[in-house]
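We just call them A, B, C and D in the order they show up, numbering each chain from 1.
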Amino acid sequence: MPYNLTAAVERQEDLGAGYHLLTLAAPEIAREIRAGQFVMIGLTDIDQMLIRRPFSVALVSPGPDGGEPASIGLLYKVIGRGTTLFSRLQPGDRLALLGPLGRGFWLPDPALEAGGGDETELLLVAGGIGNAIFPLLLQELGPRAARTTLFFGGRGRADLTLLDWFEAHAGRVVTATEDGSHGQRGFVTAPLAAHLDADPGRRRLVMACGPHAMLRAVAELCLARGVPCQVAMEETMACGFGVCLGCVVEKREPESDFDRFVRVCTEGPVFDAREIVL
Amino acid sequence: MPYNLTAAVERQEDLGAGYHLLTLAAPEIAREIRAGQFVMIGLTDIDQMLIRRPFSVALVSPGPDGGEPASIGLLYKVIGRGTTLFSRLQPGDRLALLGPLGRGFWLPDPALEAGGGDETELLLVAGGIGNAIFPLLLQELGPRAARTTLFFGGRGRADLTLLDWFEAHAGRVVTATEDGSHGQRGFVTAPLAAHLDADPGRRRLVMACGPHAMLRAVAELCLARGVPCQVAMEETMACGFGVCLGCVVEKREPESDFDRFVRVCTEGPVFDAREIVL
Amino acid sequence: MSAGVKLEVAVGGGLTLRNPVLTASGTFGYGLEFEPYLDLNRLGGVVVKGISPRPRAGNPPPRLVETPSGMLNAIGLQNVGVDRFLEEKLPALRERGVATVVNVYGQCEEDLLHVVEKLAPESGVAAVELNLSCPNVKEGGLELGRSPRAIESITRDARAITRQPLWVKLTPNVSSIAETALAAEAGGADAVSLINTLVGMVIDVERRRPVLHRGSGGLSGPAIRPVAIAMVHQVYRAVKIPIVGMGGIVNARDVVEFLLAGARAVQVGTANFNDPGVAMRIVGDLAAWCAAHGIADVNELVGAVKGNQA
Amino acid sequence: MSAGVKLEVAVGGGLTLRNPVLTASGTFGYGLEFEPYLDLNRLGGVVVKGISPRPRAGNPPPRLVETPSGMLNAIGLQNVGVDRFLEEKLPALRERGVATVVNVYGQCEEDLLHVVEKLAPESGVAAVELNLSCPNVKEGGLELGRSPRAIESITRDARAITRQPLWVKLTPNVSSIAETALAAEAGGADAVSLINTLVGMVIDVERRRPVLHRGSGGLSGPAIRPVAIAMVHQVYRAVKIPIVGMGGIVNARDVVEFLLAGARAVQVGTANFNDPGVAMRIVGDLAAWCAAHGIADVNELVGAVKGNQA
């Protein structure tokens, strides 16, 4: 059940190139949030911001005395009015916060995960700020994180935020940049396709987050190869908890005329790529 | 001619009880502003504040190397949305600034100020944040400041901001508070009336700034006794430079039907109490 | 709740609400979605999402865009349809004892009356609110709700088939809302509710397309509050039936403003998206505001604005 | 000015402006007040404060109040009157060579036509803009500008007495702005300008009075921009004459939005109060925007919005 609360800013870290990491004291949410879920955040003064903004929780961290998760970290990029205002927040300032919201990633059916060698290969695909969704997933995966591969694309090196962190926590990181400033030049879908084609028989699960065009390309790659794929979608949200009906995306196979749309905030944001039109 | 510029915040001092002193780097304005004139200030982002706010310039101060005035100090009280946003500004933040604006105080006709002993007695009357207009006047008066009397009223001691400064710079400070926490209990008009009546023949000029009810009472006291009185008026302003026609007050003796109103921002904010309806 | 302040308001047709604060149609789902955040029974009432004869899928996305101090929506009246509403939603609301106002939408007059008819025998319907935003085919396709004549006739038709309290929701996109309100009153409405959203559009200048898939949408939020206050006040001077006011309410001060302008009750809309607990907080703050201002009965505020009335 | 971008626009009646950015009536004084802040000759034109037959003192204060992303005003058309305007203001504007549009106001139709007649022989009047916010006594006192019939007739009368380009300024407080625009076109207007302010009210809940002395006022600023864009777009699809768009413009992006919606030129209003230099900056930014987007002629943008048009 989502908590509706105000939370204090603990830290605001400027990561350069418009990327920030904002840490909020929110023990209730930190304990319950699952990778791929999100929160809605707003200024406490509604006159300054009518519509809250959705953000994945990138990380959770324990309180000063260690132990249970007590803080959540939001990794965000300054885009427009809301994120500009957020980027000015200082430690001690308070924010309105609603979460955890939505359906996060789900792991392969445990029944399939029989013996050691047979484990499903987890491939994470991030485009730009889409990487924000994956630290929490790697945290949740525990030891298994070391056996994941992250395909990480961006316009240039500056867009590969937290790259060091990912290199330390994921099994392997494969990068691609449009300007060639890090890793392969071009889109991240190229090394992903190469990887999928290198060992086509392998049981895999692809989890992707990033710009819509990237998600579409990743989903096509996977669907064409029969590889299960989960995509984290974005759509404009007013509420985040299912009532404004603003955040819909189209279903691939609606059961009826009425059933044409699903809500990203409630039925998603993570969808099986087969469920929706990308 | 008013300057339309953006200026950096140099200091934001919290004086307690909702009062702040904001210092801005604005050499052009600091050099030209006269006591009683004002500036319009706004956030640089119009989406955050459509209508700028008017503030008297309380003080000017020289740059780090001394010499010419380079900064202006605004003494303000947090009232609503605008002043709340201003109170969050930090050194280095930028503000939009227009000024100097309006007509300030004017001193007695020099012809009247013949020999030493005959000097017009200057009586300043401040109610609450109305004191913000007087430090600059005292700065301008130079040595003559030591021969002024400031009648300073407020709800309680906390409203008598910069009291120490005034005690150091004005000749005499007479205080009155509604709760009796400093000086005489009651309105500041009581000691003012007593003073005017003590030596009724003396040539005097009263300059007043404060809540509307106080200005009305001061003006009545003065008009009844034939004492010249200048009042600094406030009215809601959209532009501050005479074009929106929003800030009018009523003339006491209009020459024609068309002439019923005068603009506070252009014909004022300081008026001879005989000019307008209070 | 601040002890001693009477908050009950009578909003016509024999309906008394426990306080004047309802939630607006389309901004509160079917009510139940808000149970994690507030106690539905503390509200004056809940107006559910517009119900149509058949389920509606709504418009393709984007359906929303933020605007200065407001938002535009073009949801397209996505809803479960009257049958599923009666089966799944109404019983749950009835069980909770919350005053449930059912907002009714149809693509034509027959549709609309069909829903009114289906609701008529049901218990647990505190009132029926007619949303007249469907096109008025007889008069050139403009919204039904823009024609006083059409309003009067459909209100009369609805009145004839239901004994439930009948509210007519008025659009602000008219030359004279006093006229449309009078038409609703003449047709037999027990109350008028206003304002619905203003028509608006935002264009994405890079893509050279409207941001909303549908093109234009409905503007709501604090940006429209001054328009809503002026209209409530105009209607208050024109009609005798109670007014339910809305448009940009975000706090108890705003509620007081609507009551002073002439509203007997209000609806909180867009603000529910910002904070799902806001409506209940407003109820508490309103009681506290009354207590602090020496107001024993919230009805004292209704229409109590003084001064020039232009 | 970004080299090579053609900014001239033809706005009907033979009038070509050097660029599409004018300033709106009532927000730019008589133009001259802005000389300390910008070069009037860099603007597409200036629309002066509404001019009436005789000087008007306007309403008692308060005349203004800030609202969410907007403001309400009830200035009451304070102005120097047509005679002093012709003596003192117009010659100075003429001398500077700035395209001067004269906004005309009257308390009745005769008043209005009287001003049009006085202006008719004057050189240096780029266009006459009729502000039809006076009460329409024949049709029950609602504003003249809300009745298509009244608009058509007064436009025709004005047309008959002046050869100067004639603009009719449309109010948004109508059921169908396409209809009022068509009426202006039928009456012989060379262009329509829109939107004027929306009627609004703010109540001071402590004093239980409207904040504005007059009661209600006109809402302007970014809050109304989505309404203005939707209306410009509706009118664009209805009429053939050029449209001058306005409502909440604060920057060059907003200008592009109005052009895409169908405006041939725009007026910057409330934003002038925030920053007296804004209109000139917008002209520069617009040229730069066009250059950056490979647009050689700003006219390419006019009405170029694609997609769903509802």
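Rule of thumb we're sticking to: a residue touches a chain if its C-beta (ideal position, glycine included) is under 8 Å from a C-beta of that chain, and two chains touch if they have at least 3 such contacts.
Here the structure is a predicted model, which is why all the values come from computation and not from measurement.
Counting hops only between chains that touch, chain A reaches chain D in a minimum of 2. Across the assembly, the mean Cα position most removed from that of chain C is the one of B.
Between chain C and chain D the centroid-to-centroid distance comes to 33 Å (mean Cα coordinates, whole Å). In terms of their C-alpha centroids, the spacing between chain B and chain C amounts to 47 Å. Mean C-alpha position of chain B lies 37 Å from that of chain D.
In terms of their C-alpha centroids, the spacing between chain A and chain B amounts to 55 Å. Within chain D, contacts with two or more other chains are made by residues 68-70, 221-222. For chain A, residues that reach two or more other chains under the stated contact definition are 47.
In terms of inter-chain touching, the protein chains here make up one closed cycle, each touching precisely two others. Chain pairs that touch one another, listed by label: A-B, A-C, B-D, C-D. By the touch rule above, chain B contacts chain A in their complex via residues 47-48, 81.
Contact residues on chain D toward chain B in their complex (touch as defined above): 26-29, 33-34, 36-37, 54-58, 60-66, 69-71, 73, 75, 78, 80-81, 221-222, 250-251, 270-277.
Chain A makes touch with chain C in their complex at residues 1-2, 4, 42, 46-47, 49-52, 96, 98, 235-239, 241-250, 254, 256-261.
Chain C meets chain D in the complex at residues 67-70, 72, 142, 146, 173-176, 198-203, 205, 208-210, 212-216, 219, 221-227, 229-231, 233, 248, 253, 256-257, 260-261, 304-310.
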